[in-house]
Amino acid sequence: MLDVILMLLVLFNLFSLGSTRISASIRVVAYQGAAIGVVPLFLPGKIPGGILVTIVLVTLLVKAGILPWFLRYAQKRVNVRREEKPFVGASASILSGVAALGTAFFISSRLPIPFAVASPFIVPVALSVSLTGFFIIISRAEALSQVIGYLILENGIYLFGIALLLEQPLLVELGMLLDVFVGIFVMGITVFHISREFEHTDTSRLSGLADWLPEVKRSE
Amino acid sequence: MAILLFLVPFAAGLAAFVIKSDRLRRRLLFSVACAHAVFSLYLCLFPSGGEDYRWLWFGLDALGRYFTAVFSLLFLCASFYAVIYLKEEKSRPREKKEEGLLFNNAPEAAFTGCLLVFLASMSLLALSRHFGLIWIAMEATTLVSAPLIYFHRQRSSLEATWKYLLICSVGIALALFGNLFLAVSASGQGPGTEISIDRLLGPGVRLDPLWLKAGFIFVLVGYGTKMGLAPMHTWLPDAHSEAPSVASALLSGALLNCAFLAILRFYQLCLANGLGPFCRELFLIFGILSMAVAAVFIIGQSDYKRLLAYSSVEHMGILCFAVAVGTAYGSMLQAANHSFLKGALFICAGNILAGFRSKKIADVRGIAHIMPWAGVLWFAGILAICGMPPFGAFLSEWIILKAAFSSGNLWLPAVYLFLLGVIFIGMTGTGIRMTFGVPSIPEGKKSFLSLLPALLLLLLSLFLGIYMPAALDGAVSGAAALLGGQG
Amino acid sequence: MKNLYPLFNVIIALAAAPLMFGVINRIKAFFAGRKGPPLLQLYFDIGKLLRKGAVYSRTTGIFFRLAPSAGLIAVLTALLFIPCGAYPAVLFFPGDMVLVVYLLGAQRFCMLLAALDTGSSFEGMGAGRDAHFSVFSETVLFLCLAAMSAASGSVSLNGMLFTAGGRIWQVSPPVLVVVVFVLYIVLLAENYRVPFDDPNTHLELTMIHEVMALDHGGPDLAMLEYAAALKFWILASLPAGLLFPHGMKPDFFGNAALFLGLIALTAALTGALESCAARLRLVKVPQMLTAAAALSVVALIFLAK
Amino acid sequence: MVFIAAALLLLLLSGLCALFLNNRPATAAALCAPACIAGCLAALFPVFAVFFSGQEMSFDLLWPAAGGLRVFFTLDRLSAFFLVPMLLLSALTALYGWGYLRRERNSESCGRQWFFFNMLVASMLSVFLAADGLFFLFCWEMMALSSFFLVVSRDEEESVRRAGFIYLAASHAGTAALFVVFAFLSAAGNSGGFWNSAAFPGPGDGILRVLLLSLGIFGFGMKAGFIPFHFWLPRAHPAAPSHVSALMSGVMIKAGIYGILRMFSVTGGGEVWCGAVLIIAGICSGILAMLSALNRRDTKSVLAYSSIENIGIICMGTGLAVYAASCGGNLVCLLALSGALLHLFNHAFFKGLLFMAAGAAGKSCGSRDPDVLGGCAKTLPVTSSAFFLGAAAASGVPLLNGFPGKFLIYLAAFCGLQLKGSGLLLPSTAVIAGLSLSGCLSLACFTGLSGIVFLGKPRSRLDRPEEYSALMGTAMISAAAACLFLTFAAPLLSFSLCGAVSAVFASTDTASAPGLADRLAPLSCVSAWAFALIAAALAAKRLLLRRRKVSFGETWNCAYAAADARMQYTSASFFYPLRRTFTFFNSRRSPAAVSKTIFFPGEYEGDDSRRIGAFRTFLSGIAAKLEVSLSCLRWLQQGRLHIYIMYIMAALLALLLWKIR
């Protein structure tokens, strides 16, 4: 069952890579968050049920609830429908997502986990989710989709943590969650400011501060 | 008791958001800074009976004490300058010279509050003994310093803020990965080993080397982003050049050191588990790379705040280089010198900017003639940060050089000296161009008060250069001892 | 009595130096088929000048008055270090040849400043050329001295020309011939003779020594001319000392006569050269002196083996 | 040693006070100049004690700074030999500067200038005394820094700023090399002597020693300023105020020579190749510097070049000594090195004198271009006679103190010729040729310069110049007196010369070698005799002319009556033949750069800036290339967030793939 969820996560990755519509990717992120949220239920760990339930609920609330909602709100606020001109096209993105998966498997093959784990796919999938997030941040021009990428990156990390280290003191885990939460909010606020100042949120055009001027700028 | 270092500024910060009266808020800021500085200095110079303070995940060992003292002194001067700066900001017409567009500032309450919370989160970072907590503190510094950068509500600073926010968040996310890897490597001690320094440095704790290595890589890249190591330094020049000078001073003088501290915490574990050579190799690579990149961008730089930012990149490289060649002592000393000098330089830069209304080096001529104090301090600071005696950087860089020679490989000191030389030429050339000559504006503003903090910081570095009291020496070598530094 | 002989030699030099210019002029006159001035002409001139008053330019200052005397003294002092054939010099110490050459340089220093003191463009021109040529001739002279010292194994003029006696020729005769030749070239250059300078054109533009003497008169001019004569004697006595036949052990008067003869021979040679050779173009002068320098270096290298 | 401490304290404190008297120049000068003089005189007591007695004294005080920076003073015969001229000249220049700065236009910088002047003196004093490697570097940097601030004191002019920057960069490049050398020369725990050389590779110790020695020669040579490390000097020295140029030219550049000698002495003598390198550098400096000097139209710049030439002479002597020491030429080594040191000693005074006189003339006439000056000898008696004395000494007139040093080096070279088969022939010949050529060139140069500046008629309608200040006059007169005294006192120095030499080369036993005094005595006698005779001759002439008519007229211009001042020979025309002969060396353009108008040649336009020498243009070329290639790398920071984040990802993945296995 765990492997199925991991499988799903990978699929969500590829989908989010493929879609250039902001709302679609927000939805995918929400699903991904939900999937990660339920992972603890399928772990063979011996954790007192109350704590387990708390974790699941909080995670679901934050990752599948508040954050996607906030992103939608932000999208409406700055009013962008779709990724106009991504640096990498959809199909190429999907291929590179596969490449990221491969890399993740390769790296994790070199990192044998020193103890028994529920599924051998946890580490590679977590890594691949993070790499996907990375890739989205790099390849998308819209500020909002970069925030989404960041969220996916965090999802990967969270998956890693929650799947391998549930025994870790929860306070820290929740603190991390909280931090991500605040981080996303601050980013969102910045995005609002950007859209107010520049009347667009295309970060590829936010390159005024540089030590190197391309020809076009020089000529101006 | 030391937890107050965190609690007081935090509470004060929260208060600052709600306080209405400007004067009261400024007084609050300054008095908290004073109290913090005095207390941390006391803790640093007279460690209570050598017994490190502990309270569940909080604690203050020699390393923490040293870094706290340094950034708290810097914060004291910066806050003094901030008070004057905010006064002026209220008065002067906010008009940006380059584009000529009007802009207004963030509410002063938010600025002051963020400053205090920033101090609080840095203290938290120095205080915390748990890697998760360190990570939270680091993320917190990022989040609260973003509004500091976006003080001037204008496009360029917004762009800088966005870059800063995204790049640093990504970096810190990687650092989080590093923490998790650490937890995995610690899981050999039975499930749920808490990843706190004291637990993992405890007797008979063996960490899984492979995962520890991976963790260190993640942490180095992640916190290195925050610290401004090349090639992750890219946010730094933008943020430093766009932030108000007081924020730039804090960012480059205090924040970078704190990131370095976070990396050093991890380095302690690696040392204990015999990964010293591995870590030092990585430190060496990033150190030399940072110095080289800084050299590239310092030569022919056109914006003097960016110049200072790149010089920070260079000095972060020097810190790593020092640890790599095995002189933690030199590294600690250099960190202090860099904090003080860079703070002084940024405060001078703030005054120059206020006088000349331009960040372009080409627009600034003959500071020494129309703003004598600013000119003197600016040029002295530039010489000092290039390692000229009688300032402290001369000694620390000398110590590092000797360690590099004793490390056996003659290429290291050669490269180090070459890069320092190139940077020296770049910086002093700019300094001469700006300081001397026929002034490019009729009359500057001659306010000594706003330069007093810069003067104090320079004097501090001068003090480090010519006299080292036993207590201070003890503090530095105590901090170095934790990093396996023989001093 | 015997150890006063060197002093007598100096007195002979002082007495006979002006004669040499007379010799030169007679030879030139002979080549030109004229009768020419009497041998003692320079004596008469000096005597007449000493009896005259003085005329100074208003432009000139103290230097103009100081230079002739100082120059004369410098040359006189240099003369004391020159051995005379089979008899040693009055004074000698290790390295005295350096002092001799620099004393001649000191005389030049005075002459140049005196020339510039007049503010006349002609004298300035002469001074410039003198400075120009001396750069080469002095260097060549030093290289010759180095060669002589290497050959004779001594570091003083006295040792080279007197103590070593004829033995210096056992080292390598052909090389020493070269040295003598180069010394002769230096003699010509330093005394402003053809082919380096033409003492008796009537165009001040082309002259060096004469033009620098333009503004002097009376006792000053006398000292100037006398110093020039002494300088000729000194430089001539270097090759003469090398060529001196130490084999025959002459008594004092024989030695004096022999040495005088050698120097007179040099003078005659100069006269002959002046009457059949023309003056070089100024541009060529450095080239010729450089060639001389090259010759002396070659000599030095051959001597070193 | 309490005297030295007192002197340092006096200098520093008075300097600090001057810093706060910035707006009251007169007070600052009246405070600092006497303080500087008093300090120098106080420091002279122990120095003279060592200078004449010969046993070294030392004291150290632990200065708790990071890395255990110990202040470790040692005063031995070598440092004493360098300190005597340094202190005397500092006192003289302080006196001179008192008068010089008194009537400065922009009085606001005077206090600052005095501060840095006293800092410079103090740092030089401690450079010659510092026995600890790190402390030496400390003082070395302070010296460079304070002199830099003095150089840029007239910073309104672009050229001055440029000169200052070049100076700072050059000296820092040198210091970087010294850092390497001293990383090996300052092992922990100083054992009383100079520069603990425990870690330094000993003789015959392979490539590392060669590397370090050549780095040392580079680093110290950058300060000494012999070719090819001279490029900063002709810019910086003229830019500085005259008393500072006098100090820098007279003493500061000698610190480089001191460093080289000290390095040889602590690392067991130099090696043959060091000697060869020094000789070659010396010959190049001796000749090329004078050739470039011929092109200058600025008195002080000519003097700066002549400093390079004299450093070249000193290098020749030093190099010959090092060479001979490793070829077993004991006498040659002694003579050559003592010649070099003696010349160094004398040069301090006559070059200081020359710079002071040039500065005074420049102040009085308002210009330093020889071709607009002329004929000020009558109106500036003191200045002109001081300058003539210095010029005579600099061109090696035997009756003055410029000669004995050269004489000893010549003598050493001639002695070297005698040692057949010792390999000394080539260096000796080279030294003889180089010395004579550079000597003749400097004679030509200085006669031309002093003649054009001070003799003849005034070339332009300058308001009638007058002596600038009595204090300056006093300083110049006393410097001139020192020069004359040194002419006769040369034999008295022989003891301390031997001491200094044996401090450098412990191997050369100065006892067995025939005494230097016997070598030097004849010179003094001859000078005395010549002075007496000249006086006699003048008296005789006066006697002759007593009852005769002495009349005055116009200069005989070949019957051209209306010759005016503009028809005089200028320095350009005076040096034309020489420049023309040596065109190849000193300029890319032919020196006949005279813009032809229709009938008359126009202004001579040999601009000096482009003639500083091929080497500097070469350097600046490299710098330009470097800057361009660096600016190509700037696309790294091109402002696009995505690229930045890609850097992070790339770094991470690279490290992971590389390290994790």
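Labels for the chains are A, B, C and D, by order of writing; each one numbers its residues from 1.
Convention: a residue touches a chain if its C-beta (ideal position, glycine included) is under 8 Å from a C-beta of that chain, and two chains touch if they have at least 3 such contacts.
Since the structure is predicted, the reported quantities are computational estimates derived from the model, not experimental observations.
Enquirer: Find the chain most remote from chain B, comparing centres computed as mean CA coordinates.
Expert: C
Enquirer: Comparing B-D against C-D, which pair counts more contacting C-beta pairs?
Expert: Taking the two pairs in turn, the one with more contacts turns out to be C-D.
Enquirer: CA centre of chain C versus CA centre of chain D: separation in Å?
Expert: Comparing mean C-alpha positions, chain D is 36 Å from chain C.
Enquirer: With chain centres taken as the means of their Cα atoms, state the distance from chain B to chain C in Å.
Expert: Centre-to-centre distance between chain B and chain C: 79 Å.
Enquirer: Rounded to a whole Å, what is the gap between the Cα centroids of chain A and chain C?
Expert: Inter-chain centre distance comes to 100 Å.
Enquirer: Hey, how far is the Cα centre of chain B from the one of chain D, in Å?
Expert: 44
Enquirer: Quick check: what residues of chain C touch more than one other chain, meaning two or more?
Expert: none
Enquirer: Where in chain B do residues touch at least two different other chains?
Expert: Within chain B, the residues that touch at least two other chains are 162-163, 166, 170, 210, 214, 237, 297.
Enquirer: Give the residues of chain D touching no fewer than two other chains, as numbers and ranges.
Expert: In chain D, the residues touching two or more other chains are 634, 636-637, 641, 645, 656, 660.
Enquirer: Chain pairs that touch, all of them, please.
Expert: Touching chain pairs, listed by label, come out as A-B, A-D, B-D, C-D.
Enquirer: For a test of understanding, state which residues of chain B touch chain D in their complex under the given definition.
Expert: Touch residues, chain B against chain D: 162-163, 166-167, 170-171, 174, 210, 213-214, 217-218, 220-221, 225, 231-232, 234-235, 237, 278, 282, 293, 295-297, 299-300, 329, 333, 366, 368, 383, 388-390, 392, 394-396, 398-399, 401-402, 405, 413-414, 417-418, 420-421, 424-425, 428-429, 432-433, 436-438, 464-470, 473, 476.
Enquirer: Contact residues on chain D for chain A in the complex?
Expert: On the chain D side, the touching residues are 634-642, 645-646, 649, 653, 656-657, 660-661.
Enquirer: Given the complex with chain B, which residues does chain A contribute to the contact?
Expert: Chain A residues touching chain B: 110-115, 130, 134, 137, 143, 146, 150, 153-154, 157, 160-161, 164-165, 167-169, 172-173, 175-176, 179, 182-183, 186-187, 190, 193-194, 197-198, 203, 206, 208-209, 211.
Enquirer: Using the touch definition up top, name the residues of chain C that touch chain D in the complex.
Expert: Within the complex, chain C contacts chain D at residues 50, 52-63, 65-66, 69-70, 72-74, 76-77, 91, 93-96, 98-99, 101-103, 105-106, 108-109, 112-113, 115-122, 124-125, 127-129, 131-132, 134-136, 138-139, 141-143, 146, 149-150, 153-155, 204, 214-215, 218-220, 223, 282-283, 286, 297, 300, 304.
Enquirer: Contact residues on chain D for chain C in the complex?
Expert: On the chain D side, the touching residues are 374-375, 377-378, 388, 392, 395-399, 403, 406-407, 410-411, 413-415, 417-418, 420, 425, 428-429, 432-433, 435-437, 439-441, 443-444, 447-448, 450-452, 455-457, 519, 522-523, 526, 529-530, 533-534, 537-538, 541, 544-545, 548-558, 563, 565, 567-569, 573-578, 580-581.
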